[in-house]
Amino acid sequence: MSTHRRWTVYLSGEIHSDWRERIETGVAQAGLAVDLTTPVTVHEDSDDCGVAIFGAEDSKFWHDRKGAQLNAIRTQTLIRDADVVVVRFGEKYKQWNAAFDAGYAAALGKPIITLHPPEHDHALKEVDAAANAVAREPEQVVQALAYVIGGATPKTKAEAAE
Amino acid sequence: MSTHRRWTVYLSGEIHSDWRERIETGVAQAGLAVDLTTPVTVHEDSDDCGVAIFGAEDSKFWHDRKGAQLNAIRTQTLIRDADVVVVRFGEKYKQWNAAFDAGYAAALGKPIITLHPPEHDHALKEVDAAANAVAREPEQVVQALAYVIGGATPKTKAEAAE
Amino acid sequence: MSTHRRWTVYLSGEIHSDWRERIETGVAQAGLAVDLTTPVTVHEDSDDCGVAIFGAEDSKFWHDRKGAQLNAIRTQTLIRDADVVVVRFGEKYKQWNAAFDAGYAAALGKPIITLHPPEHDHALKEVDAAANAVAREPEQVVQALAYVIGGATPKTKAEAAE
Amino acid sequence: MSTHRRWTVYLSGEIHSDWRERIETGVAQAGLAVDLTTPVTVHEDSDDCGVAIFGAEDSKFWHDRKGAQLNAIRTQTLIRDADVVVVRFGEKYKQWNAAFDAGYAAALGKPIITLHPPEHDHALKEVDAAANAVAREPEQVVQALAYVIGGATPKTKAEAAE
Amino acid sequence: MSTHRRWTVYLSGEIHSDWRERIETGVAQAGLAVDLTTPVTVHEDSDDCGVAIFGAEDSKFWHDRKGAQLNAIRTQTLIRDADVVVVRFGEKYKQWNAAFDAGYAAALGKPIITLHPPEHDHALKEVDAAANAVAREPEQVVQALAYVIGGATPKTKAEAAE
Amino acid sequence: MSTHRRWTVYLSGEIHSDWRERIETGVAQAGLAVDLTTPVTVHEDSDDCGVAIFGAEDSKFWHDRKGAQLNAIRTQTLIRDADVVVVRFGEKYKQWNAAFDAGYAAALGKPIITLHPPEHDHALKEVDAAANAVAREPEQVVQALAYVIGGATPKTKAEAAE
Amino acid sequence: MSTHRRWTVYLSGEIHSDWRERIETGVAQAGLAVDLTTPVTVHEDSDDCGVAIFGAEDSKFWHDRKGAQLNAIRTQTLIRDADVVVVRFGEKYKQWNAAFDAGYAAALGKPIITLHPPEHDHALKEVDAAANAVAREPEQVVQALAYVIGGATPKTKAEAAE
Amino acid sequence: MSTHRRWTVYLSGEIHSDWRERIETGVAQAGLAVDLTTPVTVHEDSDDCGVAIFGAEDSKFWHDRKGAQLNAIRTQTLIRDADVVVVRFGEKYKQWNAAFDAGYAAALGKPIITLHPPEHDHALKEVDAAANAVAREPEQVVQALAYVIGGATPKTKAEAAE
């Protein structure tokens, strides 16, 4: 069958570990027709972009608001654009952004893959219930994409590698 | 002007304090034409409803899943039904549910009022940026509803009370 | 909290057993604010309605088409109207109607509860994966509705009955 | 008239005969600007993909669920993407997937062509009633696409071949 | 099953015969829970309403435009509101309004019943192909509604009348 | 024909003249089944509601923002709810609110009636082009509603009054 | 400003004159970035395509139905795809197709340009009222596209040609 | 991460200053993957396009209407197409168009950046409340796009320039 389709996958959530890079590497190695999109992942830029561009605020609350609304242009556009949304919850911090993005994606009917350690399972049960899959490692996300896009299963790839 | 409209307000989030009751009391005292809707707020029922009805699971993960998907019938239906969604973040726990609901409501274009203490302001800046108002106390939510529905301002009400 | 909401539940699928009546009885006994809606469940009327009203056809194919399109006015309207769609697969027949209705409901974002014996589990795995719950007995559907609508759990109801 | 448009056609249903290949061959021979998309058609991969990637399950029910939800990412995305959905019902098996896909496509307003032998006509009458055409042979699907896309009729093509 | 639902049926098209009254009579006699809605059916009011209210126009073209846009408030609102749209083509005139309404209803996914004599069959084949049923007499529309709403078939009603 | 429908009409725009009262009076005198909805029309409350409820702001910009976002809960909900949106442009002020509401209503496909003096015709030509009617006096809006809802024309009513 | 956008314009209606060719020629001469799409315009193919591909029918009614539903795959897909829909009413025939397409396009919010002689003005007043422009000659449609896409006005082009 | 995405940005509003050119220059200098789209900005063409193409009108009102409806084909299509809508309010004129476009974009859920001097802040507070950012200078719009699209902050760019 002809398979010219490219898939767009948005990578939401944690910005303090290398999970995005591991997915990027895996997608490249597997040769998948995937465009990865992300929020701005430089923490201080994400915090300060609003005031850096539109002028300083005395109040931290409005300082934050200006940045958050600017970030929302990017994140909500890219989520709407995505075929699949991966939402990563790391081991630290509140990460309410990530859960917000998951809810946003769910209401739009986007397929979701969550990525988090088992210790978050109970706290994330409603989020996971809205997802198509729950991954523990970024490589599982790559395998899922390889299967969804090209029908490749881990076994098949192993054999192909021989 | 004729004002026969009833408003439906969904109260999402924290279940360990009396904030819903304070809103319910305030709405009743103000005589507002509001139907308040909520998730199931009995913690253990919300956790165990799935297996209690559809049968036990050996795995905690699927135990949780069965409950979460049953809860989702209620929560997502009521959020879709709501005119306004109030999302409360308390002082403890991850509360990813609440952030998920906020994202879900935002993608549906529902007006959101968040309700949380200032110490969460930075962590919730993206959620607040998707909201129409940020309240600190449940009574402010009632005042906001009184204004939105009937044009009453706190001052106006004070004068009216004289 | 105020709970004036009525729920509409569409009962799709098998017409050769008493599962709809058992749900109707259960809903009445539990006093749930539920309107149950159904397809026309008289088999021969459902088959022959088209030609009975609009005139006979020589060809069985178009005889069937005339009936099916008339039935579709009812079924698709009521599915669009429903808050929850219950889809029953009995032990016999192809029941492609039921699976079609499930797909239709899924694409509209309707919460689905499937109702079928375990021997169909594998064949129905894609349909079940689009559902919020899989029930084995009609009484479980009633319990699920009682929980979703009023927060009642089987245990709670048992205690209340003492 | 300028005719740069490519059409995307999703081929849903039976995986035990060569009907997809016959459509693929026909589309290629006719030189149609069509991208054909399909579910994963390797039966065991489609069954086991979930556990192969995300880990084994003790219960067959959840084993199936994990696979079905992963497959749903692909199938629902490709159906949403399609201009036309072809749904094939073969001579054996329940094939509830196929009927589910037809319902899903119908609710999205996608044009549907069903492909099945006459002995299924009565059982599929509601599905056929939601379709734009009922084909018996894959070559008829190709002819339909040739007509829809380029205005070619079987006669016209015969003449062109002289 | 509980059947509290009222159905709204919009009656579009010809204004020079008594077909609407015959449907109204039939619906009343059958005791159907139906609200019938219609365009304004007084021909000259429908033509002149715009200038009568908003002021005269020198040009017939804009005279017509003012009326047509006012009528559109009513017709498009009522079509959007309707559960079923009946479109009548009489024996005379262009009746492009009726065909326009049918297309409008079709794009909204509304079930359509057309009502016209056989001599229009070929000219209306695309419109009929978008309809769920083609009636020849208003009484057939009533029978179709009786079946769709309450499951009554002509035979059943005949027997009930004995 | 049965005509149980109530219509909801949102009155947007100018708050410094009695045009809403004139429409309200006219609707009551004509006995129309209309619910009129409006923004909060007390100017200072509309300006200060945000800070009155949620706390003062040092900056006028954020003072305004807090009020505007609270007002938006009301105005956008009521516009979404409306069957018809009337937008009044008075003789003074920028009235960008009114034009914003007109654009908002237009994108939602709501029928619009604008109400303004001829001197604004050229400046409002794009807004008027998105409207179904342009009225000069509030009484014309009432006549338009009387016609749209009940088919009454000014002449007809005059005759009826004899 | 960068203007890489291509526009898709669907040409609906009359098939017995050369209006499509005149638009095609004009668009080519003006070098507009336009893809023109059309129904199948060979009359007998459009009538007989269904039975030619899927088998003969004894009844003319179902013969027509099979063709009409096949044509609908093309026409409805291309209308949904279009940026602008041009609807031509010629001097003869009922042309209910054209009016149906106009209604279909209107409900989807597509900009419409009608093209017809003045003698149809009154009969088409509701259709014209849903259109953005009413043209008399195909060349006016080309000029409208040239303006809409590139800002060219007839005068401007004349000057440029000197 | 792969970033092949192009962004489309619609520039609505004032046509009497060089703000669009300054954004165009900035976007080019920053090498952003942006397609800028605009209304027709030649004032007299925008006023007279309708009559120039479709024929003169005696009445200025309908002269304006013909032009405005033709312009609407372009503006509403391009707003629907846009990822971001920038709305500029200059120092003079009513500029109701601009506010209408902002409302139109808001109802479609488009991210909005307003661009206006502080003296308009109070009059534009509802429009600004629907926007993601309020800019004072065109260069801030460019910086915002550079950040949203590529994560570049003004500081980063300064460093890069060294």
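The first chain written gets the first letter, and so on, giving A, B, C, D, E, F, G and H; residue counts start at 1 in each chain.
Basically, contacts are C-beta pairs under 8 Å (C-beta built on N, C-alpha and C of every residue); 3 or more make two chains touch, one makes a residue touch a chain.
As the structure is a computational prediction, the values presented were derived from the model and not from experiment.
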Lowest number of touching-chain links that must be crossed from chain C to chain G: 1
Intersection of contact partners for chain B and chain G: C, D
Fraction-based call for chain C against chain B, same above half, different below: different
Inter-centroid spacing, chain G versus chain A (mean Cα positions, whole Å): 43
Cα-centroid distance, chain E relative to chain G, in whole angstrom: 26
Residue list for chain A, restricted to those that touch at least two other chains: 69, 72
Pairs of chains, among all present, that meet the touch criterion: A-B, A-D, A-F, A-H, B-C, B-D, B-F, C-D, C-E, C-G, D-G, E-F, E-G, E-H, F-H, G-H
Contact set on chain H toward chain G in their complex: 11, 20, 24, 34-38, 40-42, 45, 48-50, 52-55, 66, 69-70, 72-74, 76-78, 81
Footprint of chain F on chain H - complex, ascending: 60-61, 64-65, 67-69, 71-72, 75, 89, 93-108, 120-130
Sites on chain H touched by chain A in the complex: 1-5, 7, 83-84, 111, 132-136, 140, 143-144, 147-149, 151, 153-156
Contact set on chain B toward chain D in their complex: 57-59, 62
